[in-house]
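The following block contains the structure, expressed as structure tokens.
Per-chain numbering from 1; labels A, B, C and D assigned in written order.
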Amino acid sequence: MPIPAPNLYPDFNIIRLSHVELFVSDLAWSRAYYVDTLGLQVTFEDADAIYLRAMEERGHHCVILRKGTGGEVGVLGFKVWDEGELDKAEAWFKTRDLPTQWIERPFMGRVLRTRDPWGVPLEFYAQMDRLPVIAQEYKLYRGVKPLRIDHFNLFSQNVDEAVKFYGDMGFRVTEYTADEETGRTWAAWMHRKGGVHDIAFTNGTGPRLHHMAFWVPTPLNIIDLLDLMATTGYVSNIERGPGRHGISNAFFLYIRDQDGHRTEIYCSDYQTLDPDLEPIKWDLKDPQRQTLWGAPAPQSWFELGSTFQGASLTESDLKAQPIVAP
Amino acid sequence: MPIPAPNLYPDFNIIRLSHVELFVSDLAWSRAYYVDTLGLQVTFEDADAIYLRAMEERGHHCVILRKGTGGEVGVLGFKVWDEGELDKAEAWFKTRDLPTQWIERPFMGRVLRTRDPWGVPLEFYAQMDRLPVIAQEYKLYRGVKPLRIDHFNLFSQNVDEAVKFYGDMGFRVTEYTADEETGRTWAAWMHRKGGVHDIAFTNGTGPRLHHMAFWVPTPLNIIDLLDLMATTGYVSNIERGPGRHGISNAFFLYIRDQDGHRTEIYCSDYQTLDPDLEPIKWDLKDPQRQTLWGAPAPQSWFELGSTFQGASLTESDLKAQPIVAP
Amino acid sequence: MPIPAPNLYPDFNIIRLSHVELFVSDLAWSRAYYVDTLGLQVTFEDADAIYLRAMEERGHHCVILRKGTGGEVGVLGFKVWDEGELDKAEAWFKTRDLPTQWIERPFMGRVLRTRDPWGVPLEFYAQMDRLPVIAQEYKLYRGVKPLRIDHFNLFSQNVDEAVKFYGDMGFRVTEYTADEETGRTWAAWMHRKGGVHDIAFTNGTGPRLHHMAFWVPTPLNIIDLLDLMATTGYVSNIERGPGRHGISNAFFLYIRDQDGHRTEIYCSDYQTLDPDLEPIKWDLKDPQRQTLWGAPAPQSWFELGSTFQGASLTESDLKAQPIVAP
Amino acid sequence: MPIPAPNLYPDFNIIRLSHVELFVSDLAWSRAYYVDTLGLQVTFEDADAIYLRAMEERGHHCVILRKGTGGEVGVLGFKVWDEGELDKAEAWFKTRDLPTQWIERPFMGRVLRTRDPWGVPLEFYAQMDRLPVIAQEYKLYRGVKPLRIDHFNLFSQNVDEAVKFYGDMGFRVTEYTADEETGRTWAAWMHRKGGVHDIAFTNGTGPRLHHMAFWVPTPLNIIDLLDLMATTGYVSNIERGPGRHGISNAFFLYIRDQDGHRTEIYCSDYQTLDPDLEPIKWDLKDPQRQTLWGAPAPQSWFELGSTFQGASLTESDLKAQPIVAP
């Protein structure tokens, strides 16, 4: 299927991705990993959950670590322009016969909870508590110096349909991989905020979260994180990289926590604000689309992901779709 | 005057700053400076003008060097969402009794030429020729590896009024300097594209262009440029830096061409997309707002700028307003 | 065999490694690779050979590319303190019944040609033409910005004996890998100039040159080279990395030219001047000694190397010693 | 006076500079500065003194902070090859009628205490306690990530005589500034360990210590330190930089503690091992020798320094020699 033209006048205005809720089996382990090692800042914690933000963020949180079934994702969150857009969002999902619910969430205003057609739990909001600026409190910087959450990447059983659905919502494609043999879209990167993506879809057993990503200042911060992880007991949590993607031109590293949640550390993609930006097409047979420098990704990277709460896969789902190593 | 609340629903939709036309006295000198030394790419040139783009840009040009009165600026250009927004822009300026004209410009679709109330020549457009992607043609990268035009900074006789006017147009303030003694705004940074600014206004003899700025990958590229300029005959064109601004948190360098046009090389500011982003207020008495590390700017930096064609200043203008060194 | 105590009072004073002669099948191809891509500077060339130096070197050359049997190495060169040390060197090799010869070499004073006990061709000299300083001619910097030749790494059939022989010559061990099961030394890094090594020996089918290495300013230069090679037709010449070695703590990249000569791009090891420096011992079973971050090296890296002219291996040699992947 | 030919066969073998003892008025303040902010590691502390080492050093200390008269320096330390060299050093100083004494120092073997002809307190030793390797304990890295002490820089009333004296001791000149008008040497950089300097002498009211210097991995670490100091109360301790020296080609930053002791943070000079290295001559009138990029140093940098215990200057000394700003 060809990539659809962008919907430049969507029915409601999503600003950007905002946050993710990760279920983890051991909060103490996850705190050591996400806070002490990666360098995210704790904005709230109790016995059940830890709320985190990155260094330049002023919203209350971009990650919620919640004690639960390790490796499951609670929800993907997005911020909309204002309260009116939130009402329009409700209408949009209702029109599509998708479940909608107004829920209470700490540190946030009205929250619209819904799911996409494949069961991925989504929430939208306009207001979240705003916190004091810490971007220039340099003594707080640690680990990889994460600046902000950058994107989500999902395994999808049908990337063409996902691109259609999220495209209707206003996400615009910046780059994609086409499978010339089948005519299908193998993967697509879609944005709202003017970078390469807020959300991406890759062919695979889905719906599952492949990774969340954090933006960092320079590739040297990624090297610093590698040195730190490699000498503090986290060497086996390093999965892939460092390297540069052909797609997005970003410098990357992939790491996985003990529950299997994958994080990409990411920097140096490009600005995509122009509505007439032409998506870049990559051939599935071109190995440089994944790693510009040629090194292959490990098999785990193609196979493993986090499930979504309430959208768990059956055994047969997990076996249904063989992953083609790129 | 307090900073006005942002206009979140402007009458027309500007995406981002786009380009600037600089008059230069010697095209060959300017080519050596902007192309061979800074590393901008030539997209067109003839006997009268050289068109340039930065490495990740796909629009035809971000700088036009035109043979003429060195040190004068022809126009500041902005891209709007679509042709309809361009018509709305015309109406907006007409309503304010400002001159509007549809002009022909090479490599661009319809161009609306106008001026702000102080005579600054502005142009708006929706379409510019799109060029092939060169972001990954790494053999083309030279000099400071400029990725994209980032912002304009203008001297203004009345920053409060400039903030009001551009704020009405939809530019939102991210940071500002308040003069506590007079109650006036000393300087303000305003954006459309989600960074710290597309345009900024600083108190001074205006209207004049203080500088245009280019985004580069990392501070090390700025160090590379300094080494190159210092050993190829451009040491006297280095004016200020390298350093980190308190305001914007960006790493910077200022250089000036032989006609006096100033360029900032800039990286690492932050994302400002949220409509509820609270502007950061700086006190005029805080020297760290300009250079976080404390080093003062040279006097030239406070005094010199490029005039705008058709808005030239009289001698008395130039003497009218003493610059207070910060 | 335990690592022998360093010989702190050697019979002659080698200052540092100096140069290598590589036979290549196509000088034009090699020029594009070593000069245009890596960034070495040509100091002399004719139809048969190209002489190269790195950016901070003042001696005439560190690499000679000579038209010949591609993948063969002509000689490894070392600089000694003065002419008297050269005479002592001659005596030292004669005492050991190794061949010595005074030969003529362009751009150099007296040259003592000899071989180590395994046939590796070595040459020693005190004087080489000195060239003007170009370290601050920043317009000449290209590619990976190579600053100086750093070391040689050799496959050896018997690392313990090689360590003994070169140790007697005054090379001091800084780090080594011990095979706890056999009691043998698996690999050893030995220096004269105060870094981790001028020469290293790794267990393998030898004698062969595993690689020569160049020192570069920072890891970002290595990333720049990867981007450049990946987009100018050299992606298949990238063999391993980037990464950090456990041994030496250096940041590295390995690349191979079309004849199979391997170059390491290397930075950030440490100072080893102290005569009482204790060698660091690594266990052959510790994978982090090779890559601190855990990623394995490809099989080619363990198997392929350049032969030495006049010390070519038989088929049975090449099969004699299976390489144990680390 | 022309620079004398290097003494390639000195009477005793100094390996490198080793350590410095600084008297400070408030150990707690100095600990916060040198340990928490710069990132040096404490190897011993009691009520009177704190011993520090940098990250790649294995000797027990490179800095001793001792409670005392703030701004005074106790001694400059150098390591010699072995105990025999230490005896030769004693003879060398005795021959010159300079005071020699064998003293006890914690964590060190035999220590020879002496003074140069201008009263600068020097000590030589062959053995200092060796500590475990921490270079790869990346969780310990803080601040500017100091790797090793790099050099001392002294104000001298007579640089030509200082160069003669230290040159006789075996220090070799790598770069120098000549005052063409007077024929005198204005400043000289002299090394033992193969970098640009272990010790340098600059014309000025002396003897005083201008600064000690630490080697760091990359310029980005210096930027990190600036950000940290600027936001943790140390902005007024930043004196000069960041910049690149023409002389040495090093990237630098100068900071001063509250007692006036100056530290240079330094990286990227070059290898100077060759005995036939030709010193680079700079003209006193060339401002790029100090800062390649052209920015002048502040007046304090030319005037302020630390006195040496037992070699204190009289008021008339301090007034005797006006500093010529370069």
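In the analysis below, a residue touches a chain if its C-beta (ideal position, glycine included) is under 8 Å from a C-beta of that chain, and two chains touch if they have at least 3 such contacts.
Going by UniProt, the chains are A, B, C, D = Catechol 2,3-dioxygenase.
Quick caveat: nothing in here was measured; it's all calculated off a predicted structure.
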_Between C-D and B-C, which chain pair shares more contacting C-beta pairs?_
C-D
*State the chain with the largest centre-to-centre distance from chain D, centres being mean CA positions.*
A
*asked:* With centres defined as the mean C-alpha position, give me the chain C-chain D separation in Å.
replied: 33
_Centroid from C-alpha atoms only, then distance chain A to chain C, rounded to Å. What do you get?_
44
_So the centre of each chain is just the mean of its C-alpha atoms; given that, what is the distance between chain B and chain C in Å?_
50
*Which chain C residues touch at least two other chains?*
136, 218-220, 227, 230-231, 292
*Over in the complex, which chain B residues touch chain C? Could you list them?*
136-139, 218, 220, 224, 227-228, 230-232
*asked:* Considering only the defined contacts, which chain A positions touch chain C in the complex?
replied: 218-220, 223, 226-227, 229-231, 235-236, 238, 242, 244, 251, 288, 292-295
*asked:* Using the touch definition from the top, list the residues of chain B that touch chain A in their complex.
replied: 8, 15-16, 56, 58-59, 79, 81-82, 127, 130, 133, 135-136, 147-148, 193-194, 217-220, 246, 249, 268, 270-271, 273-278, 280, 292
